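Before anything else, here is the set of structures, which you'll find just below.
First chain A sits with chain B, and in the next complex the same chain sits with chain C.
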Partner chain A sequence: MGLSSAAITTPSEALKFCIFDLRRGQHEGEELEKILFFFPADLPFPTQLSVIGLSEGLITFTRIFSPEAACEVIEAELHSHVFFEAEPDIWMVMVVAKNKETEAIWRIEALRSVLKEIHSLFIMFHGSIRVLLDKEPGGGLTRSHLFTFIMDYLNDFLMGNKFVLPNFRDSLKQRGTVQMLTVGREAAIEVQSLVGALDSCMGNTSGYSVILFQDLLVSTTLTPDDTTNLFSYATSRLTPRVLSSGRSSTWSYLRKGNAELASRSASIGSGLDGFRIVRPLQHGKWSKGKDGFLVTDIWGVEVGNLVPTTPTLWLQQTEHKMYLCAYQHKSLTIILLIPVTSMLNGEEGISMLKQQLLENASAKIVKVEEKLAKGWGGENAYHVKGYRYLLVDGDRNISRASPPGKVTTLTKESLLAINKVREDVDLEKSRGNGNNDDKDLEICIRAKNNAWVIARSTRGKELYIVLEKANETLLYASEAIEKFSDRYCNGAFSLD
Partner chain B sequence: MASDSSSASSSSDEDEESAGQKPNVDVNINSIDNSLDAIENQLSSIALNTPIDERTLPSTDYHQEPVSEIDDGSSRESASEMRRNSIGESSSSRGSGLWRNNLGVEVEVEPEADGELSSPSSSGYAGERGSSSSPTSACGTDVIRELRDNGSSIGDDGAVPLDPSQTQWIRGKQHADEDDGSISWRKRKKHFFVLSHSGKPIYSRYGDEHKLAGFSATLQAIISFVENGGDRVKLVRAGKHQVVFLVKGPIYLVCISCTEEPYESLRGQLELLYGQMILILTRSIDKCFEKNSKFDMTPLLGGTDAVFSSLIHSFSWNPATFLHAYTCLPLAYTTRQTACAILQDVADTGVLFAILMCKNKVISLVGLQKASLHPDDMLLLSNFVMSSESFRTSESFSPICLPRYNSMAFLYAYVHYLDVDTYLTLLTTSSQAFFHLKECRIQIEAVLAKSNVLNEVERSLSEGGMRIEDLPVDPSANSGSLFHLTHRKTPTNGTVTGVGGPAGLWHFIYRSIYLDQYVSSEFASPISHPHQQKRLYRAYQRLYASMHDKGVGPHKTQFRRDENYVLLCWVTQDFELYAAFDPLADKGVAIRICNRVCQWVKDVENEIFLLGATPFSCLLEVVVTNQILKPSRGTIPSSGGCQTLADCHDHHCLYHQTSLPPSAAQWLQKKKQRLASWFFL
Partner chain C sequence: MSRNTSSSGGSGALSHAYIHYPPLRCKNNGSTGLFYDDGNKLLISPTSNQVVSWKTSPYTPQVASTTDTISEGPVLSIRYSLDLKLIAVQRSNNEVQFWVKETGETFSQKSKSESDTILGFFWTDCAVCDIVFVKTSGLDLYSYVPELKSLELVDSKKVNVSWYIYTHESRLVLLASGMQCKSFMGYQLSSAGIIRLPRFEMAMAKSDVNSKPVLSAEDVHIVTVYGRIYCLQVDRVAMLLHSYRFYRDAVIQQGSLPVYSTKIAVSVVDNVLLIHQVDAKVIILYDIFADSRTPVSAPLPLLIRGLPRGSNISSSQSANDTSANLYSDDWNFLVPDLVCDVSTGFLWKIHLDLEAISASSSEVPLVLEFLQRRKLEAKKAKDLCLELLRSIMIERRPLPVIFRAVNVLVTSFAYSLKTGSYSKSTPVNSSSGVPENNSGNKPGDTSGGGFSTSDSEDNINLKKENGENLMVSEDQQESQSQLVTSATIPPDELYTFVFASVEEEMIAFADASYLFSILLEFIRSANLEKIKVHPNIYVLAVRLLGRNERYAELGQFVLNKIIEPSKEVALELLEGVGSRNIQTRKLGVDMLRQLSLHHDYVVLLVQDGCYLEALRYARKHKVSTVRPSLFLEAAYASNEPQHLAAVLRFFGEFIPGFGTTSEHTTYIRALADMPSSITV
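So, the complex of A and B:
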């Protein structure tokens, strides 16, 4: 099945997405130079330019009054335009159609977090857009990278021939955060010992390790930002759930479509072809080898011996290039990041490292996996009876929420109401930006359907709860929050 | 004077509206200036780099340039006065040649076939051009008056609360010397623009419309660019700034604000601004644009700057602007009944509406048969009357349009001030009713004088309305009347000792849904400063918008606590209560206090609300079917609509509380208990 033109145009009405550089194409006749990415790529250039022209016009216009923060969103009757300045003068703009019938009701910050995620993942694998542009001022290199990368990313949202972006039904989720596994004291000690063993495997290369159980983070030695990026990559491409469910028809469908789209996109660029594009987000490209290590040919294959090249990525803060080495045992996924510069003998060194890990750490890995599997409560482990909740720790980039299966039991009205309350809190946060992060806020709303919709925000932490039990008083609702706070949030939201 | 909600001083208001004007603001002027011109080009993907000269220095504070302000104001005053003369009439020059003094002025007046007693300008806006000069006695006196008022406002520097209409009148257009190149202009917290669909400026809150032609074209370009894409732009958000757009046929309205007001409020304000324009011109203005898309509307609105600036000012102190309800001056029930009776007599003689108001508060209001007057229309009408100085100096007969009543046609308003703050407005459809209405007014004035109503009005104004300190502590005690409290005395030396009401209650607003009226408590000391009051109103606005969200609302209850307040909102079928507490207030106690407030309002409702003579027709039939109301509650209850018990979903429904068969009474009691267990009560 190819990505027929009908399949492209249908979602295109619901979604337009562009990236442009304000420093480029400032002369008449060169406007096309600005465009670094546009979806759908087959939209006529005048239409593409008009989307970018409006965006650019409003960025300039809003700077008249608000020089420090330019346009963030345009709300029109039928569309929302969401802006994100990914790098200085490099803007990402997403235009989504609104439609109540198809549940196309958006929270702007949720859409913006998609843009942020695309950009930080792109940087993790390809480095910053500006650096790419400087490397090859024609822009062809950047365009091909952005195109394949974003198309692979957007594929995750493609259901049938429709893009399903995060809407109000995802109000009790927080993109760009990490979900942690809660472990007992004994298990924690085992994990700690495993981390030590992994460290010694990497020797004095000053590498990092990240351990996941199922889709939950167990341990990390990376910085929070890098952890977040690697976590979202791992949970979308590496974990056992993804590997077992992968290889569905979607990837081949999109791969073929992408080839088709990519050929079209070549005309956008300045005709520079022949870049070898690494597609880290390509679906179905990871698999588990016999030795337990995860392999992929995304980064190419070594000439001669057909051994896949070890993947590499960039750390955000240190800007170090790292080898990525992933090992999986049952539900446990272990990711090691080793600086490229410290591996003088390249692939050979990686094989030695793998060997060391198998020899020195596999017993510990088995033990930890067993321990965690024993204590693991299943997919509803973090369900709290009577509550539908989302807890976000903004400082540590961590969130925990009711299991998706439980959230779907909520009525549409309640979900719309909590979506609205989240918007409200988003606005309050943007108002207080910078000057008081620890803004205390408490909102309890009894909605039309008698559900209590509650938001608490304090010292960088946010808690959202929906209680659908009818006929309870405000005091009852407050008490319920207090109990939840004491039991699950170490009293962070308790009043005394 | 009691702490009137409208007592925002001019200086404080402006201070807050202009975000910290430092003379040496470090902004890259050139880049911004380039950009403004470039925007339009960018919209068509062509960039242009034409720098605009930065000539205008940041303006100094308003009070440091009294001379220019006065000069500017007085010239506007005369323009306004001329306009008024074209439709009203100076009392000193009233005589047999009643409307003829216009002839020299009004070159473009369409001749009236009826002759000398016809309406001055029933043709509407065409008759309101007052561009040539005409020496009138009123002109001179008003200049003097303005100098005097202005002087006092400078001397007081906001220490003495000024009447908002007076304040606005003095101020009129602010900072007319600015334009979009001025840093001070860019830093104003809240801009309002009106422009035509061809991009011609019609009104700007700050700066000279003519100098803002380029900026206006940019706004037009943005709107039409989105429109060409088959969509309609509503809102642009950038940091703390919001740009809100409203398209009304050929007229575009834009607000640019960083005041943290929600989109819905700002949009509502643009609707009111448009309504104010329609009140002056009617919607038949659209036809002018149909004939000529480049039509210039500004001359038609000449001299009405004060009307718009006063309306914009009211957005930050008058809850009527977002509640869509009006408020009454508290009066003893019999006093108001007396006023209603005489207005009713007048209404029976063919007057459409008779309205007696004191400042922005209604004393009495009577409508012909089932004609209904929308609260927004009342707000716009009273703003128009209070902000136009000439209404104060003479009895006037002016064509006005009530946009919610009939946006296409003019009514005729006879306006006469009975004292400094109290004015009578008689509305009619007849352009020739001046003498009839004048007689009506004389009649009304005589009755009011005889019955002492005006003295009562004055007393009420000085004593203020509901004070949270007076909230009955004992829930069983029925205070009955606002006017029997022994301690209701005006603070003699202006010192306020109160620290708010019980349990940290700072303020409340109660809106009766069926009456379309609200009552707002007087401000207590924690929010005695106009800045604090403005901030509270904005918090209420956010609360209101959140409760009435179009997608998911209306919600039933909201409790909201931030660093400034605890806010409680309760929306039922009958009423809405908005209450503000100390941020540390206890939730449970706050709920009990809200309950007590509701009870208190019910106890004194026949003094704080206009009952019986409601402008809305929906009530009368309902009440007659129920004979169970206590006489002391007035003839019409604040709730209505329930015909049977099955309809009654609300425990505040007054109908079903007595005279019920035992089983029903038990049912109700049970229901009440159940309701009480889950909230309030």
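So, the complex of A and C:
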């Protein structure tokens, strides 16, 4: 999450971020109505409106040529405007300042993926923005939800008092994908046997389970989209690494940020005192209980007995409301999603389910954890000597990359080169969008620092590699890719 | 086997063990008694000057008797030598007379003093001697010297003996001594040598302080199950059946079973212990494989099957006689599974009714374990196992139960592979990873009941000579089961007879995930036992996941190789599930490539319109089996003259003489007709 990058300019100048609804505020004097979210919030309304007005104008203009997909990005001299139509007529726009001196060199798709992530996480916890607006035409509640949610989200990008967005240093990362743990057949079978046991714990409720080891996905029964969302939530709020760090280093500034946010949301949410704003992304709110289940009071506390309310979320495809129940044993995190409708007795049913899990599955959980821990190669497990790589499987929304610690050893030139190559591939992909996504693509360039920067794309899979200490010949470079492909990708990128 | 439930066959038709009518009739006019020679499995009926004998193994009611002539005189006991060349007859308390069958010569062996009573004798295949006399003063071990036509004393064991019991099956002689006859010495005289057991006492409860019950020979039974030797002792006061297990170096009491009759008889059928509660006329079954003392089933009576129906008066008369005689005082129980009615001369063989046993318990995994251990009616046991598993799946019993059942079958099959008893019976193709049978006869196995040492208790040898002999007899009766000597079920049969057939009946949405969970457990179990799973099972797994549209999970299963790659699976991914889900289809394509099924892969690429990639691949892997016309058609259909030209040129170089074929000319012409054509 770009934590390695150096500082950029002050937040207000470097980053503007707004969400607006084109169906609202279409009459003079009601323009403020269309603003659903604006960051920085303390910017005067005329300034906010001018940003939104420009964006709206660009959208309207580009729709003339491309009614289906209006503009994605506008590159101005000093700023880049990144557009994302989250829901019909609800737009998210991010305006970032360009600054060659500093590290402010972006890949637009990387920024768009931030917008996408915010939106899909928001939907997961609160449902779609349109539905919220339809329920409450005034929009006050929607604004409060969006504000607290996005501010909590942006907290992750806060370094000191500056926002550090994903930049070229994050080129060997793919936001919105899942990182998998590679397991042997025997361990995989044990995992699936555990999945079966979890399934039977949930009885006939047609629930889902997701299993993570450390920050890597082991198994899921969810659809790929829901898996991706839950995975990014789990790896940022639930896994053992997050839980242990939440208590130490990040705590101090978070509390400060939260206090600040709280005051802001109070001012925005005035007049809506009756509503409780659930803040699922709030930091440091999850902890592991004595029984191994993760608890949080984010969703409130049952009146009287101080038992935290079980979290709920929405599945993207089926739009079912699910209870979220997380259990942790050492490095293993197990998330169960149970349909709210199937739990007629609510919290009582959940605690029965927890009991079931402890009784029927804990032996298997211990076994699986041991097995995975034994086979786990540590945080550099997926390092391949001599290579810095990113492998994306678009079909299954999975990526794997060189460990961050290894990527930082690359020079700035190499990183800028791979950033550029990825931008080209993004462009190529968006051009071919729809008609032939299986098109094979191969780019191999020699950067200024004599590093080989290579991109290959075939049948929905992408591979990016930087070879810094490589021989000069192209033959050498392509052989190196061939080797990598055969060894780590089942030969998927071996074109001939 | 049709069940003929004549009303005279006991209380109702419910029973777990039966005898089959007609019996082997051993009636002989002028008989002076019936003797069982368990060394040769002969039933012997001596008359004043003749010996009539019937072979009881293999057991057939129609077996003809053989007759030998001996001189007149009393017969206290009679046994043929193990090579059947000699007949030994105990004439009195101190004389045993021998006939050499070939020549008719005779000789006798007498004990030295009048007071030294001969209690009995038995022939042995022990290395050091041929015949053993049990006397009140101990054992005399003799070897037979054919040249001298006499016995030569090899060894004698001095010990006071009140009475003794011996079974040839166990090669074990137990000598009782003491006031209460509850102090025991034991010798095992096997081909491996003579083993002396430590002296031990049997437990006897007292009804009051002063009474001292005396243990009698009929209350002690030597039983051989699963190659282990046990001794069962009836304690009439405590109404308990104490069991002792014999090891090479120890005798260990194993616990006690309750009895409900003062008279107890014991049979062993196919390693199952049948405790006949003679007074109550019921049988309790125990399978003491895992030292469990829980009965296999509830006490039930013995049934006579195959009784002729009432039309024939004389035979129905005899049928009524036989049923009336069930557990009469004239019933003698012979080791291991025979019953002889000395009054009628009927010899019955006791059978287990596996069907009834399996139907009487709801604990299916336990029943399966029981059935898997059965060897005598292996085919039936196997069929029952398949049917049981099938039916509990169709009944949708809870998954844990099914899992245990599956595990039982898989573990049992793995065990049979390890011991080599599986490959012996059924030809197995090499792909299922069955090792060759190489453990024919282990040393110590030939004794037919050698002790295991106490520290190797779990090292049970299921392969028993006696068991095999009995098996032969069963096979002759049921010709269709000749190949099946073990109830274990190989994975491919489990697929065919259970999974595939159940799949046809389970078509609901929830059924697919139910069945899939079972398959997964099967795969897990097989993996633990290192058994190769038949590709059809993986194909079924793919199909089930596809049916529930669990495509993402299917991807995980394939990538993790839980579903092992094979051509069958690849085709299912491609054409079955893949026809509905493009990602799954890709998995199939990748699998073909990983399996190096070059031809199929290239054809598939062409089908998908990737004919240029296919050409590159064909060149790299030298795939020359794909017809050029496929590529040419695809290139022509794409309407790209450059591509068509490239394909033509490729084949011109790749296939010698391609330039002269009609295909070449056809497509050259086609190329020329295409807009903006270029020349090759």
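Please note the rule applied: the second predicted complex is superposed on the first by the 457 of 496 C-alpha atoms of A that agree within 3 Å, B and C clash if a C-alpha of one lies under 4 Å from a C-alpha of the other, contacts with A are read in each partner's own complex, and residues count from 1 in each chain.
Here is the rule we go by: a contact is a pair of C-beta atoms (placed from the backbone, for glycine too) under 8 Å apart; a residue touches a chain by one contact, two chains touch by 3 or more.
Everything numeric here is computed off the predicted structure, so don't read it as measured data.
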Overlay on chain A: chain C relative to chain B, clash or fit: fit
Partner chain(s) touched by A:53 [first = chain B, second = chain C, both, neither]: first
Touching partner for A:459 - first (chain B), second (chain C), both, neither: second
Contacts of A:330 with chain B and chain C, given as first, second, both or neither: neither
Contacts of A:223 with chain B and chain C, given as first, second, both or neither: second
Contacts of A:79 with chain B and chain C, given as first, second, both or neither: first
Partner chain in contact with A:396 - chain B first, chain C second, else both or neither: second
From chain A, separation angle of chain B and chain C (C-alpha centres, steps of 10 degrees): 120
Chain A residues touched by each partner, larger count belonging to chain B or chain C: B
Partner chain(s) touched by A:440 [first = chain B, second = chain C, both, neither]: both
Touched partner set for A:192, first chain B, second chain C, both or neither: second
Distance of closest approach, chain C and chain B, by C-alpha atoms in Å: 5
Set intersection of chain A contacts, chain C complex versus chain B complex: 440
Footprint of chain B on chain A - complex, ascending: 26-28, 31, 49-50, 52-54, 56-58, 60-79, 105, 413, 416-417, 420, 424, 428, 430-431, 436, 439-448, 450, 471-476, 478
Of chain B, residues touching chain A in the complex: 27-28, 32, 35-36, 38-40, 42-47, 180, 186, 218, 221-222, 225-226, 229-241, 243, 256, 258, 260, 263, 546, 549, 551-563, 587-588, 591, 674, 677-679
Of all residues in chain A, those that touch chain C in their complex: 183, 185-186, 188-190, 192-193, 196, 199-200, 204, 219-224, 227, 395-396, 438, 440, 459-460, 490-492, 495-496
Residues of chain C defined as touching chain A within the complex: 399-400, 510, 513, 517, 520-521, 523-524, 527, 550, 552-553, 555-557, 560-562, 564, 583, 586, 590, 593-594, 610, 613, 616-617, 619-620
